[in-house]
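Which chain is which? They are A, B and C, in the order written, and residues in each are numbered from 1.
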Amino acid sequence: MIRVLTLLAALAVATPALAQRELTVVAGGGQLQDHMRRTLFETFTRATGVPVRDSSYDYNVGPIRAMVQARNVTWDVVLVEAPDLIRGCEDGIFERIDWSVVNRAKFLGGGAETCGAGAIGWGVSVFRDLNRNPTGPSNWQEFWDTQRFPGRRTLRRGARMTLEIALMGDGVPAAEVYRVLATPAGQQRAFAALDRIRPSLHFWTGGQQPLELVNAGEVAFAVGFVGRTANAIRGGARLDLNWDTLLFSYDYWAVVRGSPNAANGMRLIEHMTNPAPLRALTELWPINPVTAEVANDPAVRARNPLMMSNHQDRGLRIDTEFWLDQGPDLEQRFAAWLNR
Amino acid sequence: MQRPSGLLLGVTALVLAFLTAPMLAALWLSFSPTELLRFPPPGLSLRWYADFFGNERWVLATRNSLIVATATMMVATALGTAAAIGLHLGNFRARGLLVALLTLPMVTPFIVTAAAMFFAFSTVGLAGTLPGLVLGHTVVAVPFVLITVLASLSTFDATLLRAAASLGAPPSLALRRVLLPRIWPGIAAGAVFAFATSLDEFVITLFLAGPGQFTLPRQMYANVREYMTPTILAAASLLFLASFAFLLLTEALRRR
Amino acid sequence: MAETLPRTRAALAAWDGRDLPPEAAFAALADELAAALEERRIGDVSQRLNFEQPGMRALLLRTARAAPRLAAPYAQTLPALDARWSEAETWKLIRRAGGPTTSLYLLRAVDMTRTPDGEIRAVAPDQAVFVTLFLRTLWVSLIVTVACVVLGWPVAAAIAALRPPWSSAALLLVLVPFWSSVMVRSTAWFALLQREGPINDALLLLGLADAPLQLVGTRFAVLLATIHVLLPVAILPMVGVMTRLDRRHLQAAASLGASPWLAFRRVWLPLSLPGVAAGGAMTFLLAVGFYITPALVGGERDQLVAWFIAQFLNRDVNWGMSAALSVYLLAMAGAVIALLRVLTGGVTPAGVRA
């Protein structure tokens, strides 16, 4: 027993000091990250000679907060969601972006934040199986019309996005949604709208579920991540993806505060948001660049008709600030509503 | 009940079928040519197996997971068994309290344990290392070993040890020849728990593993917004088949 | 909180709570908020106050950003920036939240709250959710535990009675679920239970149902999948105990003319009780903290407490709330285990005779 412990201690001591570790970038994993490795990370190493190691996480920021507080930062550059970025920036979890290294001018509106540089866009929208449902709702009001389009609908389990959708289903124009939702009357209206079609509603928790539910005929109409739906269509599924019901946001590259590789992290971010590596990435995967030159590139757009950048102007950008303020309260009320 | 009755065997067969059915379903689906999980799959293909072996990350993750799980199993089984024997044979007042304390990591949500261990391990340089990860998994695996071994010990007659001692056997011999053989099934069950806990553990891994240390769950809980490939079904099926082969092998060795 | 606004708190301590606080409090707040924003530690206080009163985060950030431009007297310029600074309630909130400890999280975790005046009352019905969740978690865990013990006992007994290689083969089948993650198993259950899945097909074929049943997203699916995940946990400790049982006790019972039922009740069951207690306790403790499977195969009314603990800790970074929920969950689990110990007459789950 003592021998085992001694061995463990010896191994721990023998582990090289953390300061010498390679530049580490952490993203969401999966096939997308395999492609990122080839087009974004490895090309950086080739251009600068700085080795990059990549790892994955599940978009939950608990570990990042823990490593900053413990002053034991082992991740340098991370891909984070907008609310986590803004909050983390206020809390001093992420470094401020060094705009003398990263070119601020290349991003779309909302793509350059104090602590984050826009990486990729993502969104949700309504889709259906064309074999089972040749016709379906073309906007949120029709989505709420269970007489005209009978069948179960599935939404993401959570207040964010669901309450916006409920208001739009109740006839609030997209431009007015956040103004209305900020008032107690507007919040009541959103929950009342949900109440009205509650028997037809189902709520999913994992990103793969909407596709499985539609594929299995469990629901007629689903709100799901457009990236997955687009991939399913490219894989041969007969799905209709409705861009008029798009809600979208961006993910950002950020540097963890206290990272010993912060300077190289900024250089990596500049490289990863440059047109050449991003173009290479769009050839492998239909990502949604937040860099204007690539997002508006006709060649890129023509190659990926299902790319969100092509349809972003028809969608509603999720208001991160609104959800940081109202989120805790509305999420709890949503949970209470669900369990009633 | 020297021979199990027909009723007992019938119920057992039904429960075992219930336990295996989803695994067989996963095995079948791992040969599906599409991402969408539909029964029956629209054909058979080795696509996800090709994906598994074609991607070094998956192979590396499987290897890492097996290494960490095996190490966790060995450390946790040794510690848990020792603790159980001490708690069972020892005669002191805080025994119930100690058992409660040692089983606490099982009830505490793993993420709470994970965050706490990260802070503790950071101060001694264990966070982000493989030994640190094994220790982290060991903390949550020990209670399983402790409980199963204690349960086995409760049917052990302590007078046997005294008999061994009176016959001149030193304690280490008595332990090896008298005690351990009698509680062996409990130790084995605890070891299996420790292995399985480590194999499927994600949260502690996320906090304690170094950036280069991929494990299977880490490969699997990837990108929430992107497609989850059935590659994980292929990985699970391979583990399942490997364990089956392992059992056949040990059975064959035992027969010789 | 106390570290972010020390001078504001000192100024508020002297305030009588009527009307508005003195100018010193206004000035200290403006100054300290601006400094906190600049030094990037404002999140601490803004999240904490926003949890008590939605909208406080926006108010504090707005004030912090504007503060360098504002001038004395702050008692006039702050209310001009936002009318909430002229409300005594806002200041009371800051004063109360400044204390070193708070009972707010423990209250919120059981659907209670405190008014700005410190009075404790139930939260609005449209916010109450945790009591329901605790009762549901308890109920689901108990059902799962009983089912696992009842289903697992015969399997353990059979494994103990069978000869190798049959016993090891049966044991291997028990362990099969361990070779895949909870995620894979839940996915497999989804595939089996779906409307056009094999289980519905079989029901239709056998004439047990007229139309495909809605199985996914029901409590039934949650129980089925959870029992499947935890059944091996119940079985293994029972196997561990039963294989070491002295079979002569049973032979003796049989030779004395005891019926199989009597032998089971008077001999077999009491002797296997330590294993049953260990298996049952482990199953229950794990069931209490279980959430991935219910989230994947259950419906909206099937969420359990542990899901919220994980969300608060990892996603919302509201550690106070996750800690409060954990405390109640631990207390609940402890109470049930203690009750089990009393009911089984001192055979503790861990097999230690107290």
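Criterion: a contact is a pair of C-beta atoms (placed from the backbone, for glycine too) under 8 Å apart; a residue touches a chain by one contact, two chains touch by 3 or more.
In this text, all values refer to a predicted model and were calculated from it rather than measured experimentally.
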item: More contacts between chains, A-C or B-C; value: B-C
item: Furthest chain, CA centroid comparison against subunit C; value: A
item: Chain closest to the middle, measuring from C-alpha centroids that were averaged per chain; value: C
item: Gap in Å, rounded to a whole number, between the CA centres of subunit B and subunit A; value: 34
item: Subunit B-subunit C separation of Cα centroids, rounded to whole Å; value: 23
item: Interchain centroid distance [CA atoms averaged], subunit A/subunit C, Å; value: 26
item: Subunit B residues counted as touching two or more neighbouring chains; value: 37-38, 111, 115, 221
item: Subunit C, residues touching no fewer than two other chains; value: 190, 194, 196-197, 313-314
item: Shared-contact residues (touching 2 or more other chains) in subunit A; value: 60, 62, 206, 212, 216
item: For the subunit B and subunit C complex, residues of the former touching the latter; value: 1-5, 8-9, 11-12, 15-16, 18-23, 25-26, 29, 37-39, 87-88, 95-96, 99, 103, 106-112, 115, 144, 146-156, 182-183, 185-186, 188-189, 192-193, 195-196, 199-200, 203, 216-217, 220-221, 232-233, 236, 239-240, 243-244, 247, 251, 254
item: Of all residues in subunit A, those that touch subunit B in their complex; value: 1, 4, 8-9, 11-13, 15, 18, 21, 24, 26-34, 53-60, 62-63, 66-67, 69-72, 74-75, 122, 206-208, 211-212, 215-216, 225, 227-228, 231-232, 235-237
item: Interface residues, subunit C side, partner subunit A - complex; value: 37, 39-44, 46-47, 50-51, 54-55, 57-58, 61, 125-129, 132-133, 190, 194-197, 216-217, 295-296, 299-301, 303, 308, 313-318
item: Residue ranges of subunit A touching subunit C (in the complex, touch as defined); value: 60-62, 65, 87, 89-92, 157, 191, 202-203, 205-206, 209, 212-213, 216-218, 321, 324-333, 335-339
item: Subunit B residues touching subunit A - in the complex, by the definition given at the top; value: 34-38, 55, 57, 74-75, 78-79, 82, 111, 115, 118-119, 122-132, 134-135, 202, 206-207, 210-212, 214, 218-219, 221-229
